[in-house]
Amino acid sequence: MVEYRIDRHSGVATYVQIVQQTKQALRLGLLRPGDKLPTAREVVEATAINPNTVLKAYRELERDGLVEARRGVGTFVRRGLNTTPADSPLRAELDAWAARAREAALDRDDVAALFTAVLDEHFAVPDPNGRTGRTGRDDRADRHDRHVRHDMNPGDPS
Amino acid sequence: MTALALSPDSPMTTGHAPGAGWLYRLHRPALYVWIGLVALLAAGLVWLWGPLTDSSAAAWREYNEFCLKRGSCHYDPDAIVRYKDVYGYTTAALTALPFVVAAWAGAALFGREWEHGTAQLAWTQSLSPVRWLAIKLIVPTALVTAGTGLLVVLHRLMWSAGDGRIDTAKSWYDSFTLHTNGPTTVAFALTGLAAGALGGVLLRRTLPTLMFALACVTVVRLLADQVMPHLWPAVTRVSGLADGYRGSGLGVDSGLVTATAAHVADPGCGPTLASPGCERVYADLDATGFYTTYHPESHYWPLQLTATALVLAVAAALAVTAFVLLRRATATTASGGAETVV
Amino acid sequence: MTDTAMAATALGKRFGRRGGWALRDCAFRLPAGRVCAVVGPNGAGKSTLLALAAGLLAPTEGGVTVLGTDPASARARVGYVAQDKPLYPQLTVAETLRVGADLNPDRWDAETAGRIVSAGELDPKKKIRSLSGGQRTRVALALALGKRPELLLLDEPMADLDPLARHELMGTLMARAAQYGTTIVMSSHVVAELEDSCDHLLLVGGGRIRLAGEIDDLLGAHARVSTAVSTTAGAAGPAPATGGAPGGPPDLAPHTVVESRVTGRQLTALVRPAGPLAEDWRASTPSLEELVLAYLRNPQAAPLTPAEPEEAAV
């Protein structure tokens, strides 16, 4: 069973934290196919967050094919997540790049900013509902400095 | 989703409305105090009615027998004093009872509930404000009526037992005995309850509500004393100048009758038999006799019952006003007056 | 069963014949199953709004419906906890719960009420008058939840609670909402207190509804924009940003401006976009607290209170 820990000050939307922590548990093998996720009631009783937030996270996980909701029974893990091996070539390349950045006298924050900027360029933030708002906002760590692309249609119905 | 699969009981479980059990839980100490008070007073009245009346009457009989006729005194003065004292205490207590009820209703039953917001607490449980007020009035009304009624009956029986046997017994028209022997005392107590209810709605604070209830009972009692003699046709008796006033009872008016049958004020000189010098005074006034307008004892029940009805009407008016104001202040059902009381 | 938990039309309440309006022209609709934050400064009319919905007050004008009927008819199905948590001081905790059972003969859930009380390690034999503020809140919530409400109205419920009890009781409330679909309406003047628990917002200010709707929709309908002021003559300090005159800050039209200020060469504003934003503006979605504060700081900002807010996925 997974236990969610919500960090109110992380800047990451609460439902995203649940999605991430579930995936993390899948990667680490804490959750395996067939395991039952805690019910929304159990989650909100422990975390005091809005039940719809939990349901939204579970819907997202379901959409990713990671879990399935069985009516009246609960939400169950369908498949695990492959972990990225620690010795993959990608990691080695990143390792080498970080070393070069250090040589170029970049500090930790410079590297992080650079990495995030590149990350944002290559990986669009998933917008599962096609909706705007809080959920689309909090995913981005540097939201104050971004140019808004498409999420400025007020009241976009879903 | 599983989490939402369960739903609460059918929303339309109207069933039966709350009873009065909550009231008992809230005012259990008051109920016990009331029962204790009534029991204590009842015991005192029964004691008076039986042993004390008997011993006092015996003492008076002996006094009249020996002291006045034979000159050698042998009687029990303690019995006479004890009867008089206990009569005074119990009658005073019974007179005060409506004020005690008013103070309790104003402070504990209503004022405090408004001040602490617990009235609103009850209304946000499954109890409408009107029903809340109704239960808070009806249950205490029953208990106050029963308790005060019992005491009044005992007082009446006790008083009757001593009437004519004890020389210092209070007359039926003694200002305290007049009420403690009849249902006006019950009506005063109910006025106290209703005034507490209205005071709460109007003032919403403990102390002002208490004062309001006490003031209402005081005013109603004073007014009742003023109005009561005029509620029933009185008897007028004329007596000679020599004899002075004749006829005893609840006085309405008195004075001198002139030769032209006019009523004039009594200069306060007294009967001519006792003070012969007054003849001249009366001659100047052209007076031919004394008149007194009063209620004889046979008027007791008509007076009592009409006064009781009047006081109860005042109490009812206070209670109805409280209901109207409460209904206006709080949300009522869209169907208007369909809310059932009780 | 209706899908509207609470709705108001032209709702107004004035205390006394010549008193000021505590609430006026309020119109909103709260769908069932939501957890709604009623936010606003002290004296804004939050308590009046909740008391009207609970049937404790009669409106001066307009009306409010709860659970598809009038507040008086819905009394048994609505739980309410007043700001000062009134309880009978002369009773013990256990007796208080028994009064709850007496007052709700058909609905009382003794187990739930008892669980809430016992979670606070409250001695049932303790008199109410000897309880701390937080303990009183716990008993008051137990009374409100014990009647199995379909709509729960809580006026500043968390004010007296320590952080631990706050988290635990908020969890209990959320569990209630999750399990029974109970609609919960909570007022607070501390926005952060409610941000994670609520999905719907009523912002009350000056006796009026300033914002109403799903929090996600409201946030999505606003943008924080910042842009450089083109001229070097930009004045420091706050300035109205509606002009667009040469030398002044850039024109924010046609967007509805909630708040704007110029600091040095930077203009920042909270706007309700009426179309695509200019390319050279940096924009982001505001946080709930930013949104609420912007509206409270600017009482003249146009309210956003759709009578029929778009339905989120139900």
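Note that the chains are named A, B and C in the order they appear, and that numbering of residues resets to 1 at the start of each chain.
Going forward, contacts are C-beta pairs under 8 Å (C-beta built on N, C-alpha and C of every residue); 3 or more make two chains touch, one makes a residue touch a chain.
Computed from a prediction, not measured in an experiment: that's the story for all the values here.
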{"item": "Identity of the most central chain, Cα criterion", "value": "C"}
{"item": "Chain at maximum distance from subunit C, centres defined as averaged CA atoms", "value": "B"}
{"item": "Intercentroid distance (Cα basis), subunit C paired with subunit A, Å", "value": "29"}
{"item": "Euclidean distance of C-alpha centroids - subunit B vs subunit C, Å", "value": "53"}
{"item": "Inter-chain centre distance, subunit A versus subunit B - centres from mean C-alpha coordinates, in Å", "value": "79"}
{"item": "Where subunit A touches two or more other chains at once, by residue number", "value": "39-41, 51, 54"}
{"item": "Per-residue multi-chain contacts in subunit C, two or more chains", "value": "178-179"}
{"item": "Touching two or more other chains - residues of subunit B", "value": "3-4"}
{"item": "Residue ranges of subunit B in contact with subunit C within the complex", "value": "3-4, 6-9, 11, 13-19, 21-22, 25-26, 29, 116-118, 120-128, 328-334, 339"}
{"item": "Complex contact set, residues of subunit C against subunit B", "value": "1, 33, 51-52, 54-59, 67, 69-73, 75-80, 82, 84, 86-91, 95, 98-100, 102-107, 143-144, 147-148, 150, 178-182"}
{"item": "Contact set on subunit C toward subunit A in their complex", "value": "35, 167-168, 170-175, 177-179, 195-199, 215-224, 226, 272-273, 276-277, 279, 281-285, 288, 310, 312-313"}
{"item": "Residue ranges of subunit A touching subunit C (in the complex, touch as defined)", "value": "6, 8, 14, 39-42, 44-54, 129, 131-137, 143-148, 151-152, 154-158"}
